[in-house]
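Attaching a single structure in structure tokens format; questions to follow.
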Amino acid sequence: MATKHSRVAARVMLAPAVILLLGWMLVPLTMTLFFSFKKYLPLRGDSMANGLDWVGFENYTRFVGSSSFWPSVQATLVIVGGVLFVTVILGIVLALLLDQPMWGQGVVRILVIAPFFVMPTVSALVWKNMFMDPVNGLLAHLWKFFGAEPLQWLSQASMPSLILIVSWQWLPFATLILLTAVQSLDSEQLEAAEMDGAPYIKRFWFIVLPHLSRAITIVILIQTIFLLSIFAEIFVTTGGAFGTKTLSYLIFQRVLESQNVGLGSAGGVYAIILANIVAIFLMRIVGKNLDA
Amino acid sequence: MGRIQLKQVKKAFGDVTVIPPLDLEIEDGEFVVFVGPSGCGKSTLLRLIAGLEDTTSGIIEIDGKDATGLPPAKRGLAMVFQSYALYPHMSVRKNIAFPMKMAGLSPEEQNRRIEAAAKALNLTDYLDRRPGQLSGGQRQRVAIGRAIVREPAAFLFDEPLSNLDAALRVGMRLEISELHKRLATTMVYVTHDQVEAMTMADKIVVLQAGVIEQVGSPLELYHSPRNRFVAGFIGSPKMNLIEGPEAAKHNAHTIGIRPEHLTVSTDSGDWHGTVGVSEHLGSDTFFHVKIDGFAEPLTVRVGGDFDLHYGDAIQLTPDPALIHKFDAKGLRIT
Amino acid sequence: MARAVTTNRKILNTAIAWGVGLVIFFPILWTILTSFKTEAQAISDPPVFLFFDWTLENYAVVQERSDYMRFLWNSVILAGVSTVLGLIIAVPAAWSMAFVPSKRTKDILLWMLSTKMLPAVGVLYPIYLLFIQLGLLDSRLGLIIVLMLINLPIIVWMLYTYFKEIPGEILEASRMDGAGLKDEILYVLTPMAVPGIASTLLLNFILAWNEAFWTLNLTAAKAAPLTAFIASYSSPEGLFFAKLSAASTMAIAPILILGWFSQKQLVRGLTFGAVK
């Protein structure tokens, strides 16, 4: 549909976005790469102006060699995987529920999507203190009410707690996408299956679920993008303690808390590689799904 | 003024050549219709003239000036799309005013032209509605109104009536013809409906696979089609094409005879056969006849009602002066 | 796939759905309620739900301790300006990709999205250094640029999906009508895409409002938005539930209210334009 004029115009109009993002990606990336080969401890007087010592791959080997490295990769995968699991399953259940005829559907929908509006720092603080506090938290009261010993949520069950908090924030998103998909399902197909005598479970498994596959892919893609970089939730709740130190958080500590920029940068490069692996993997799926 | 010349114009999408180099002249004030089967490149040709597509090679001249590189906005042409392409967020008035606003006309002049166009197109009562609140025919008129007010050098129509129902289509066809008579502006009109082509055109361009098969007035095409393709394409119902021994009798590879040029009788005739499906319309009767010794059944048209039905014997006689003869390549033998 | 059902079934559906909805909403509700309690009531055992002495005292204390309006204003400016700036850059880009697609369009789009996957921590220090060099640390301008850049891929993506739904013929009609590129985008495309643009605007405003990595790490006092305001309540010493609740309510109220009033666009926007 295009002429030379419009193609030239298209290139010109696309340029600002591409150039900005390219700069946003390349400039800091190059610097990170540069630092990752240097000894750079600002607190010990290292600075760009004085020149930094070249240390080869030392930062890289030290970062991987540190006892925190593999646990952090594991923590990252557990959080991302856990939240995806919870939100997709509950999202499907909620979507099917909200699709049923009822009174006040609009209000229920608002209630369900509300957590998405809550900033991560607030939700982490509220959950940490008002719900998960072992003495005064609401959950502690609930446990005591049933005669159980209140849990030290964020230390004894740190991972599940964190997954709970983050899932609470992302459930609205998953539900909404899946609900939209459920609503676009052709009811005649379901009725035909019902006429054929297929029980609900079968109808769900063979008709509803395949219909939702594209929506599920989108949920997984978009959530993964955001979940790989969760920060505030950990920063506020455990501060990376009790096995909740994700790769991102580990790097954050190396750079800001221990002020070891070289080491942190090497970690950054690892994180970028990991993110790219996930990205390539996801983009493949989504790229295919985009055309459908 | 609206004289359009295409010189060796070619269009390819990637490796696929949709229109091989082609020459065409459209005179000022002419009503030219492009017809051809689906996918033959009619829309593409129209869009090349409009400037919505680039030519791969060749030159397009409008009023003698090279317009090949001009963007659509600068060509001074107006186009009516199959989907109408009205601006859904603007009222009818704003839709019609849009091209004038772009041209920077004064508000008074804009209003004057809007009123005139609305009156001519029976849109006065709808000027403040949105396109979404109009019927298909009304939308079509708005699209035409939007084209008229620009006072373009030529109008381009791409199957403008194909989304309308049959009755409306006839009405709009007349309206567009009348508009052409009144404005005397060049119109290029794409359709695959050959009734539209025959009734509206000064000049018909028959296309097949991007190639011009014949250019001529409707009756030229009807009376002396240049080849088998045009013979089969123009005329309704289609011309009967007969090959084999019967054609050989006329020293041709193929002979063609139009359904209305066969005489029907029950007792005498050149060709003997039986009636298959018969369609009785009152004003006309169509018979599909299986003739002994012919590979394909023939279609016959008789004026008025004719009392023959499925399985009846029938005899046909072609009017010898109206038999078309074609050689092995499909070209007309004169 | 709505179908006729019996009234009993509908009552059951309604009860379950409201129950689930309230459970999900409960943490927010509880926070808002607690913000009106005294500190003693806030930690009373057993907890009190509705029957307590409602007080506004916590809000007064929070306002006194930290200048709420300044943080709020920063949040509004940061989220608002970065989103609008992002839109201005994204509209032409999305136009290009939706209406003049080439073989590379899909790759560019996916590449843009993939920049979202770059772990922010990986580039925190370089950005920090650059900000010091450019004098952008703890400045609104610096954060606006960063927030704009991190949301740009999403804005482009969303606009792209909305634009794709607009028939190209209408844009072609405007070209025939003598519209230049600027007119085409300004007078035809943008007004037609208003619902999509509104959704994009809202969603990205919220994402920027809630962004808590860069806003926490690149600000100190001057440019700090509400994310930083609330983070200052995370230190364990002197933590009081009622005041924490009041501060939390103040931080999320603007977005909750905005969300309430623009439900329809938001629901559409929340799906990132990814499903119809």
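Chains here go by letter, A, B and C, matching the order in which they are written, and residues are numbered from 1 within each.
Operating definition for what follows: a residue touches a chain if its C-beta (ideal position, glycine included) is under 8 Å from a C-beta of that chain, and two chains touch if they have at least 3 such contacts.
Fair warning: this is a prediction, and the values are worked out from it, not measured in the lab.
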Check: More C-beta pairs touching across which pair, A-B or A-C?
Finding: A-C
Notebook entry, point to check: Can you name the chain whose C-alpha mean lies closest to the mean of all the C-alpha atoms?
Noted result: C
Check: How far is the middle of chain B from the middle of chain C, if each middle is the mean of its Cα atoms, in Å?
Finding: 54
Check: Roughly how many whole angstrom separate the Cα centroids of chain A and chain B?
Finding: 58
Checklist line | Separation of mean Cα positions, chain C and chain A [Å, integer] | finding: 16
Item checked: Overlap residues in chain C, where contacts from two or more other chains coincide -> 172
Notebook entry, point to check: Do you know which chain A residues sit against two or more other chains?
Noted result: 1-2
Notebook entry, point to check: What are the residues of chain B that contact at least two other chains?
Noted result: 51-52, 71
Next item on the list: Can you check the complex and tell me which residues of chain C touch chain A?
Entry: 1-3, 5, 9-10, 13-14, 16-18, 20-22, 24-25, 27-28, 30-31, 34, 43, 45-47, 89-90, 92-93, 95-97, 99-100, 102, 106, 108, 110, 112-127, 129-130, 149, 152-153, 156, 168, 172, 181, 206, 209-210, 212-213, 216-217, 226-227, 230-231, 233-234, 239, 241, 244-245, 248, 251-252, 255-256, 259-260, 263, 266-267, 270-272, 274-276
Notebook entry, point to check: Contact residues on chain A for chain C in the complex?
Noted result: 1-2, 6-7, 9-11, 13-14, 16-18, 20-21, 24-25, 27-29, 31-32, 35, 48, 94, 97-123, 125-127, 129-131, 136, 138, 141, 145, 168, 171-173, 176-177, 180-187, 190-191, 214-215, 218, 222, 224-225, 228-229, 231-232, 235-236, 247-249, 251-252, 255-256, 261, 264-265, 267-269, 271-272, 275-276, 278-279, 283, 286-287, 290
Checklist line | chain C partner contacts - residues on chain B that touch it in the complex | finding: 50-52, 71-73, 77-79, 81-83, 85-90, 98-99, 102-103, 146, 150
Next item on the list: Name, in rising order, each residue of chain A that touches chain B in their complex.
Entry: 1-5
Item checked: Interface residues, chain C side, partner chain B - complex -> 167, 169-170, 172-180, 183, 187-188, 191-192, 194
